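Shared between the two complexes below is subunit A, which pairs with subunit B and subunit C, respectively.
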Partner chain A sequence: MRINIIKAYMLKEFKELVRTRLIVMVYLLPSMILILFGYGIRMDVSHARLIIIDNDQSKLSQTLSSKFEHTKYFDTVERHMSETQALREIKQAKKDAILIIPSSFEKNLLKGEKSELGIFIDAAFPTRGTTIETYIQGTILSMAKEVLAKKGVAQKGMITINSRSLFNQAMRDEDAIVPGLIGLVLLIAPAILAALLIVKEKEKGTIFNFYASPLSKNEFLAAKLLPAFLLHSLNIFILFLLSVYLFEVPFRGSFFLYWLASELYILVSLSLGMFISVITKRQIVAVVLTVIITLIPGFLYSGIIMPISSMDGASQIEAHLFPIMYYNHIIYDTFLIGEGFASQKNLLYLGILLLFTLVLFSVGKLLLKKEMK
Partner chain B sequence: MADLEVSNLSVHYKKLTATHSVSLSANSGDIIGFIGADGAGKSSLMHAIAGVIHFEGTVSYKGYTYHSPQECEKIKPEISLMPQGIGLVLYDTLSVEEHLEFFADIRDIKQDEKFLAYKEKLLHMSGLSEFTKRLAGNLSGGMMQKLSLICALLHRPKLLILDEPTTGVDPLSRLELWDILDAIRKEEGTIALVSTAYMQEAAKMDKILLFDEGKIIAQGSNAELIDSIRPFTYQALKEYREDVITFDKRSYSLAPLQAQVAEPTLEGLFFINALKNNKTLPPVEIGDKEQQESVPPVIMQAKGLTKYFGDFIADDHIDIELKSAEILGLLGANGAGKTTFIKMLLGLYKIDEGSLSLLGKDIKSADDRLELKSKIGYVSQHFALYNDMTVRENLIYFANMHKIPLDKALQRIKKYAYELGFAPYMDKFPTELPLGVNQRFSIAAALLHEPLVLFLDEPTSGVDTIARAQFWQILHKLKEKWGISILITTHYMSEAEYCDRVVLLKRGKKIADDTVANLYKAHPDAKSFEDIFLSYFEAQI
Partner chain C sequence: MKSFFTVFSKEIISFMRSIPLVAVILYSFTADIYIAGAGMQIKPRNVVIGYVDNSGGGLSQKILSHFHQPEFVTPKPYLSQKALSRAIFNKEVLVGLIFNSDFEKKYKKHEDTQLDVLIDATAASQSLTTLAYLHNIILDFEKVDIPLKLQSHKLFNQNADNHSFMALTELLSMITLLSVILTAIVFVKEKEDGTWDLMLLMPVNPKIIILAKSASQVFIVTAGVVLALGFVILTTFNTPLNGSFWSFMLLTLLYGFSSAGIGLFVAAISKDVMQVAQLSIVIMMPLIFLSGAWTPIYAMSPVFQKLSLISPLRYYIEGSESIFYRGTAFVDLLPYFGGVTLLGVLLYWYGFRKIGRLF
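Our next item is the complex of A and B:
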């Protein structure tokens, strides 16, 4: 390895990156994915559009209505309309749910007789539908409890639930999704850049400058991968700042661990990109292949959609084959939990990431030939 | 033992053998020329010697023997390879100066005074001294090749391998490239292996190797090679004979002929070789046109045709007229504006300035062209064929495009297949066929609707000498039988001889426009068309 030669080659890479504007992609793509997905993926439901048809107009029915009005979960309107008209609103996707309070709702209840509330929910998206249903039921039950308490009906022996959610007390989506996205972004972006830098020379023909000169394989790879590594190292900080300040995700763990794991993870991604560049000839093929190989498993096994621990069988095994699971475990730890280096698992996973780098890099280097195919 | 000894070298690509047990030797200061058709194995041999492809056999350079790219690694500091393709090894976004620095750096050259003086000398020789700040992407084709060459010379290689460094480059730049090469090999004692598509260039080399189907079939100096074919070369025969190849003023025959002998050219080598392999040029017969139409005397008239790409003027106010039953050659180097001009004629590019009339009709809008489409035939630079359809399917598809009834189309396809000599390949895919065959069936596709005028964009580039000869025969027969008008672009200056009239373009400007005979009259000293064009190029600086 001759440092001067590597430096000269790297200088050329930086000049090309800047002059071809590829540098914009290096910094725009990761932040863009984080922002788009960060705002775009929403699991919880808020501001569900609800119509209340209050046929009773009693004190009790109004208490119930007001319960729905004073929550962020519902955007409530009270209307006098027929059931059919209201259903029409759902069909036209103007509303998400209808609550119908029957006439003599209060009267029946006070008499101790049965009274039925009608609920219609748009369940085109089942999860969202179920969630809305639960919210509505919960609101009604809590109201019922209050009313009964006021009436002095005894509550002895009743079970009360005292729940505390850990790690994400506010149950914010951002806290659960954004750290996971970092694992996705840092898998895709460096791999694409590394693949492009090498395949570009193959497609143009400038690869002959490597083939026909005394440049060694190690020097060539260093000159190609170091610029990508350095440029993406900055993204580790950019993504951190976006998560903590834009999405207000708490950071409870060791920043050093976050940084170390991320650098290592970038190396995994770069090795993957290099491997792809060795087996492809065209830039477009390299990019599409990289995206397919990184995005799909990255998204499925990032823990964003579903925690790995609740997967079973084949998917559990598959998850362990991709590096993102290991990295995201560490990332969620640094953001939400904070065990840091004290956790055996974190250390083990760091080791596994190192192993990924070594294996991918070695295979890539082995397959890279200083000759035409 | 010679400085460079190649013995029994073979290169295989999967099933294909590109170079078949080739041997050669060269000494310091020699320039060895490689000539032969595309796919004859020239490039593969060069890649093997440069150690960039796996090969069988041995290469010995100054006593060091290598059998593989890995073993070649040790002498790579001594070697320089300039692969085929204009500006192939250059980075578009780096300037001339940055290229020289980059190539010096990756070769680990000490940038001392001696080197700087050498670098200045190279820049001066190549005429790039004034352009050191210009990005490679903005250089002309000739300048790119000169830059590639001086980058390849920067580390003073002792073995210089240049794969078609001059193809598609303007004649003046070609001469300049040659001068650099000649000076360097004398000063540095460099062995230069150079392949070329231009026979005038090959004639200047110390030794010429003729390649065919992966083998070297003839070698020697220019004089030796010409002598070797002298007994077989005659003045052109009038009539066709099966064992004789006649092309452009000369006939070639292995058996003695009752005809005047003629002075052979290097191109004759290809014909003699074809005869030795029992390959002859089948006669081209073009049947009469099925329908006759009256044709205006002026087929195409372009006045001040101009095309801008941003700040760059691709075609600068060009006036060209194509008369009825005329073969007009549009000549120029890569980037001179030939293709852009044809694309404007066809409406593939918008005309920025100037006026155009086709077949007596002024072209103002796309609708004006629509009714003319059935009268124009076009073959593009890269033969727009569908690679996953057979030749027959391709032709039927093109017939459908022109709404020719199927029975009539099939009949014509069969006729052309026979006349243009691609009948045996009808059920093959274009990718399996030699370029020459693809070229002929592209012509057939353009002729299916019996057009009045043909626009051909570099149809002969990369096609071997024999196929080119056949191709020109087809064009001449078409003109004769159909009275068709042809506008053809080419960067082979020697092909000008086969046209009725030629227009020469240089960097988007027309610099000559006259009949072939008149041009010769105006330049009595010229030995070939190359010389005539050179005088125009030099006058234009």
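Our next item is the complex of A and C:
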């Protein structure tokens, strides 16, 4: 390894990144993905637009309506309209749900006779539809339970469920999603950059400079990967600041662990990109291949949509083959849990990330040829 | 008119001859949509529950026996609360139940009984569903007879089938992505291959060239949409088509031109295919994410709600969902047609001007 030669080559790489404006992508892409996904994905349902058609107009029916008015889950309006008119509003996608309270609701309920409440939900977006349904049913049932308990109809001594949400007390979507996104972003962006570095020279023909020069394989790779590594290291801090200040995700763990794991993870991602760059010939193929390998598994196994523990056999094994699962475990720990180095699992996963880097890097280096085929 | 069709068919032929491209398009409109529809499963499945049982058995086991496949894995016992917390911290368990030693005694004496539940809230949707389940199980248990019948109807998609919905969303994103990229590539390829000057020398009005080239790509995408509908969406996933097929095709065609407009703009400012890919990502991602495909518009922050008004995809997605699921009457679809057409004309006109300067 000759430091001066590497330095000169690195300078050339830096200049090239700036001149081809690829550097814009280095900083634009990660922040953009984080911001768009962070704002764009909402798993919970809030401000569902609900129409209540109250045919009873009793005290009890009004109590029920008011239960729906003072929550962040519903934007409620009370209207006098026919069922068909209300359905038309749903068809126009102006409302999400209708609740119809029948005319003798209060009387029947207190007498203990059955009364029927009609609920109509727009399930064109199925998961949301189901969630809205659960919320509406829950609200009604808990109110009815309360009313009956007061009147002494229901039995005493019920089981109350005392639930404590760990790590994310407010159940904020941002807290659950944004840390996972960092894992996704730091997988895709460095990989794409690294994938372009070598294949670009192949496509333009400048790879022959490398073939003909006395530069060794190690020096070449160091000169190629170091600039990408340094540039992306800055992203670790940018993404951290965005999460903590823009999305207001709490940070409870050790920053050192976050930084260390992220640097390692960038190395994994760069080695992956380099590997792809070595085996492909065209830039566009390299980019598409990188996106296929990183984006979809990254999203599936990030733990954002589904926790790894509840996947079934095959996908659980598959999840273990991709680095994102290990990194995200550490990231969620540093942001929300705060176990840090005390947790053996974190240390183990840190080691696995290191292993990923070594394996991917050595295979890539092995396949890199210093002469024409 | 004749020259329009000559250029148009030339593009179609050169598309058909490039076998990899045809393969990619076929893949995108069939297998890719199938994978997206079949693979995405957001409903809770195999949720792992752990419990600590100090109450000695009977009642607690009865409650636990209600958690079963496919939603839940058989609950795992832990010896102490500490061991249970550790398992939750290590993400081996999502929900932990703790039965205190006086749990059963108190219940039998009709005193108020408490069941402690620990939830890993980083997997919020799975945990919340588990909690709702638990409430229902306990309600069942106490046999409280509430004289209410909740007559619940999930309109348009009775079984809340997520697969057909995901497949449709993927199709709509594919249409967006491909009509931008294909249109841009048709022009940039000429730049890259050096045939741009040949094109300039053709005795054809440049306006007709641009029109024919972009129309040919919109045509290819539309053909792909028909394929996707026929082979995947309407058949494999049984997506309901409650509205009119032709209004969807018309909306798709109009939308195709508005994305083609974006494609023309991208083609005008990029030099090679690589730049097309980069620019398309930067332009398309905000468009897709702010379109209401993942989060309904009204639940977004106000700034994004305003921004989404200028995204043609917003009108297209809402319109298509209304056609497929809600079966909305044509009169009520007019706002969507209006939005797509207006933005389409603007975008296409802008892209047309931008690339026209290069001729």
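The rule we apply is simple: the second predicted complex is superposed on the first by the 363 of 373 C-alpha atoms of A that agree within 3 Å, B and C clash if a C-alpha of one lies under 4 Å from a C-alpha of the other, contacts with A are read in each partner's own complex, and residues count from 1 in each chain.
In this section, contacts are C-beta pairs under 8 Å (C-beta built on N, C-alpha and C of every residue); 3 or more make two chains touch, one makes a residue touch a chain.
All values derive from a computational prediction rather than experimental measurement.
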Kindly say whether there is room for both subunit B and subunit C on subunit A in the superposition, answering fit or clash. clash
Classify the contacts of A:371 with the two partner chains as first (subunit B alone), second (subunit C alone), both, or neither. first
Looking at the overlay, what does A:211 touch: subunit B (first), subunit C (second), both, or neither? first
Just subunit B (first), just subunit C (second), both, or neither: which does A:2 touch? first
Counting touched residues of subunit A, say whether subunit B or subunit C comes out ahead. C
For A:318, select first, second, both or neither according to whether it touches subunit B, subunit C, the two together, or no partner. neither
Of the partners subunit B and subunit C, which touch A:16 in the superposed model: first, second, both, neither? first
Taking the superposition on A as described, I'd like to know which of subunit B and subunit C A:124 touches: first, second, both or neither. second
So, in the complex, the side of subunit A touching subunit C is made of residues 25, 28-29, 32-33, 36-37, 39-47, 49, 75, 87-88, 90-93, 108-109, 112-130, 133-134, 136-138, 140-141, 144-145, 148, 154-169, 171, 173, 175-176, 283-284, 287, 300, 303, 305-312, 329, 332, 336-337, 339, 343, 345
Interfacial residue positions of subunit C with respect to subunit A in the complex: 39-48, 73, 88-94, 106-107, 109-129, 131-132, 134-135, 138-139, 141-142, 144, 146-158, 160-162, 165, 273-274, 277-278, 281-282, 285-286, 289-290, 294-296, 298-301, 304, 318, 321-322, 324-329, 332
If we count contacts the way the header does, which residues on subunit B are in touch with subunit A in the complex? 47, 50-54, 69-70, 73, 76-77, 79-81, 83, 85, 88-91, 93-94, 98, 101-103, 105-108
Subunit B partner, complex, touching residues on subunit A are 2, 4-5, 8-9, 12, 15-16, 19-20, 204-206, 208-209, 211-215, 369-372
